[in-house]
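Okay, so chain A shows up in both of these, paired with chain B first and chain C after.
Up next, the complex of A and B:
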């Protein structure tokens, strides 16, 4: 395999690797606008010029494949490359409006970062601000994206994304020279269901998210790595939050799951957490209760309604819970109730878990952990529908339900009606949930649990990949992680003092469940897919220079 | 170094040698003299605050002022530079979209908790548009304990008559003229 030397450091790479990829592997920064690891290289921005020994002129690192014995010098080591890159950047900035104070990209903008670097920028401007070519600002490109044509550097990442990744082909450049401008097809709103990605891949502030527009300066945000819980694909994402509120979700690069993309539904899924009011305190028979009392009451009422009457407990945990939660749920039900029906299906999760909704990322099953439930010993048994039948026949003593409203879309009316019917039919019911929902109103005991983004744990995606999600924000009031609540129930049923800390529960799972064998929680938690913008570099504020 | 014997002074004997009938009163009378002399001197140092106030320097860092455009709208575009630079972290801003495409962005909320503010003036120096300057207003005593009582919003920074009464204070580029109409306030004072 070819061995290449970049700035005096050697690396052996696969044949066909480009110089910029080899530099990324070495951790040598080469500035770039148009190159993106998940898009075809085009070499139009000329920002990645490097000096290669034996070549008469600097070449673009993104479109030059390495050959054995190649000696490359980046702008950090070669004055020639540095001068070339400075010239390119000066050209790109000729018509830049320099409206950073009102630009949402400021703080994570490649133009800003590169200009401030002594090897690429910091040249004095030779352009009179009055002579700059002005273009359209605040162009409406539909509900997701706002275009500012003046800030565009014509890197064509968005054009290539729209053409090669989603195939909607909605963006193109028009005119020439100084007057090149990005336009959407017939100036219509973008139809692309992945349009949110334009704001991520745009290296400057030209394409901006409408949802995040003027919400918060990026250097004010805190970042937490997580997994999208919108469907069974399990896209890697980063939760950006401020002051305990989620401000935006952006994809993390994981070539095996979602590459660098995220669908718009997943991107906006955090908003569904606010649609219904949250359950803030435990409720027993319609009245607020204290956690200690209510946990004891829940356990004893469930057991007297089943054991006393020789009837089974219907236990249904929706596949939106983490692996740790589902595991404790199963252990509690199996240990405390000799007769039980352990279910996880609300509708047709098991059939839909691998079913694609489109050709890119979205899947039909809107539960993030269907595969995890199957691996943890939940079976595709009678499901919710079967439990309703059992209850109608009077063969169900009580119901224990762990229910999370879906983050993307809603459960079907049929499912909701079945839940209502089930809660009406059973004499005792304990529901662990996040939101006050009309179809859960008949629950005898309601226990508030942490929603997605408020608890730590692992999810298993449709491929069977176990992925770790960290806790980003705090739960409202008395809501607690579901694993802890189930731990409380177990304690009251005198099954010792179970571990409820996710890392320890995971160790227990890895010990006992074949699908999890050999996995370590700490390794999963540290296996960070690269945060998206700009590749391999920490966004401003994470390198110790933070505004907060 | 050899130690030399010091001269021993009998302090008490020395004092009695100088004692007269007015022993102990000369110092008091000298002090009274200073008081009397200053009482009749024409120069007054003490003023009748708060009815009378002293003029402060043009560089005085008092309560902030949000300056206005000629049409009366805020100059501030909510770039958050002041919030970012503030060492006391007492500024909090929310931004909103505005119709005018040349402006795009404006603050929907601009609050400074003056009870936490250290009046360092960094916010004013950070402002790229001189949208935030300081006034010469300094008396901020309030009778309520709640933090809100000293948290000033947009109306407080633009609509109070005190701003004009005290005049503009610190701004980073005094070589540029301050347009009078930009400084809000009911009564135009000395700027």
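Up next, the complex of A and C:
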């Protein structure tokens, strides 16, 4: 395999690796606009020019494959490359409006970061504001994206994404020379269900997310790594939040799951957390209750309704719960109720878990953890429908339901009706949920649990990959992570002290469940995924005065 | 004057197949078809024919790079997108001897094993399209082209494609992109077109004059060609001369012909007895020569190279002593700013910036250091772009300023401090380019020069 030397450091890489990829592996920074690890290299921004021994002119690192014995010098080590890159950056700023103070990209803008770097920028401006080429501002590209053509550096990442990744081919350049401008097809709104990615891959402030625009300065945000719970794909994402509120979701790069992309539904899924009022306090028979009382009451009422009458417990946990929650749920049900029907299927998740909704990321199953539920032994096989049948036949003593409303879309009317019917039929019901939903109103005991983004845990995606999500924001009022709530119920049932801390529960699962064997909580692959470009590459975004 | 290429071009009826065949058209193709492909390539290689589009790359070698794998198609593209300022030789060939061009295309296609060839014709040459199209259908109907060319087992289809008017479409990979129906953004090389060209298949792109020469070489034999010209630059070259000459037009000259003699005899000298100021020998993309530099040169690749310029496309532009060089340069710089495709950063922003600085200099709004700025911008473009357009835009700017510096310095305000408004960025809003050229010319009279703007 070829060995390349970059700035005096050697690395052996796969044949066909480009110089920029080798540099990324080494951790040597090469500035870039048009290069993106998940797009075809184009070589048009000329920002990644490097000095290669034996070449008379600087070459682009993104489109130059490594050959054995190549000696490369980046702008950090070569005056020739530094001169070249400085020249390119100066050109990029000739017609750029330099409106960073009012630009939403400020703080995570490549142009800004590179200009601040002594090896690439910091040249005095030779152009006055009044002398620049003017282009369209605030161009409406549909419900997701707003374009500022003046800020565009014509890197064509968006054009290539639209053409090669989603295939919608909605963006193209028009005109020539320094009047080149990005337009959408017939200047219509973008139809792409992945349009939100344009704002992520745009290295400057040209394509901005309509949702995030003017909301928050990026250096004010806190970042938490998580997993999208919108469907069974389990895209790696980062929750950017401020003061306990989620401001936006952006993808983290995981080549095995979602590459660098996120669908618009997943991207905006955090908004669905606000569509219904949250359950803020435990409720027993319609009255607000205290956690200590209500947990004891829930456990004893469930047990008396089942054990006393020798009827099984219907235990349904939605596959939107974390592996840790589902594991404790199962342990509780199995330990406390000799007769039980353990189920997770609200509809036809099992058949749909791998079914694609489109050719890129979206899947039909809107539960993030169907595979996890299957691996954890939720295999009664009757589904919600079967539980309703049992209840109608009078063969169900009580119901324990863990229910999360889907983050993307809604459960079908049929499913909702079945839940209503089930709650009406069983004499006792304990429902753990996040929101006040009309179809859960008949629950005897309602226990508020943490929603997605409010609890830590793991999800198993459709491929069987176990992925870790961190807790980003706090739950409202008395809501607690479901694992803890179930731990409380267990405590009453067995008078034991079960572990509910996700890492320890996971260790237990890894110990006991074959599908999880050998996995270590702190070493799950999703933990390595970072947003692109990686945060660490921005030395000027997090200094003292910004408050981060 | 030699008439290797243009022997019958002025003959009446030469566009008609019957007349052309009488004069020997398609004899070269007939001979080529009796030879193997390798023999044709070897013959062209032996003739020393070099690309006539501007770069001067040996044609035989270019053809020998094609190695098609099993199942691959090979394409020959004839670059007839003649748009280099000052160049109009291909038009002449295609308009008056279309069969010679078609014969060249057929020979080229045969030599590289292509069964499909395209002639990418400049959009503005619509009248030529009619001529070429007519010649093409005549030759196809006569069985010379098309399936079983001239009764051989070689099939060839030639298609004519009109451009939509962009200089960049004459760039090799830009042409390929345009022909594929895409925006003519040149491709990053490698891979070269010989490996990944039109439709990602092996492709050769040849200039019209190159292919026409190849046709004549196949008819007359390589030896007839090497007898003409110099050792390294064999044969003849079409020179399209314009500007300050008595007889602008197209001339076929033997390589190695003295430049001054050409100017004095063929082009008829400079009108009104004016003196020569400078010559752009090969289209505006090559550095200009001063009169002194041009005096000892001959018309061939090596001589031009020795003077730091290039023979290029043979589009010769002559400037007399009354030409105001900054004005001439502005015309050229604006051409490149207008024609830069906008794909890669240095050319997109740099060409516009150079034109703009020149315009403000001519408008009397120049700033101290503007000449240095122009040269620095040029340095930052050159060698940093995807295709040659960036480099091409720099050559005139750099050579004009270096060689006619006093004229430019006269435009640059001297001894002025860096204006405060420029430091703080609150300058007067002058608009993009300042006042138009004509107004600029009035506001900046150069002493003793008549009102003659190139």
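Operating definition for what follows: the second predicted complex is superposed on the first by the 531 of 548 C-alpha atoms of A that agree within 3 Å, B and C clash if a C-alpha of one lies under 4 Å from a C-alpha of the other, contacts with A are read in each partner's own complex, and residues count from 1 in each chain.
Basically, a contact is a pair of C-beta atoms (placed from the backbone, for glycine too) under 8 Å apart; a residue touches a chain by one contact, two chains touch by 3 or more.
Computed from a prediction, not measured in an experiment: that's the story for all the values here.
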item	value
Superposed partners chain B and chain C on chain A - clash or fit	fit
Which superposed partner A:273 touches (first chain B, second chain C, both, neither)	neither
First (chain B), second (chain C), both or neither touched by A:422	neither
Touched partner set for A:87, first chain B, second chain C, both or neither	second
Which of chain B and chain C A:214 touches, first, second, both or neither	first
Which superposed partner A:178 touches (first chain B, second chain C, both, neither)	second
Chain B versus chain C as contact partner of A:130, first or second or both or neither	second
Broader residue contact with chain A after superposition on the shared chain, chain B or chain C	C
Touched partner set for A:101, first chain B, second chain C, both or neither	first
Angle at the Cα centre of chain A, taken between the Cα centres of chain B and chain C once the superposition is applied, in steps of 10 degrees	90
Smallest separation of CA atoms, chain C relative to chain B, angstrom	12
Common interface positions of chain A, toward chain B and toward chain C	none
Partner chain B, residues of chain A touching it in the complex	100-102, 137-138, 213-215, 217, 219-220, 547-548
Touching residues on chain C, where the partner in the complex is chain A	166, 168, 183, 185, 188, 337-346, 348-353, 356, 373, 379-381, 383-386, 421-422, 425, 427-432
Touch list for chain A against partner chain C, complex	41-47, 49, 56-58, 60, 63, 84, 87-88, 90-92, 94-95, 125-131, 133, 153-154, 172-173, 175-180
Interface residues, chain B side, partner chain A - complex	77-81, 83-84, 89, 95-97, 101, 104-105, 128-129
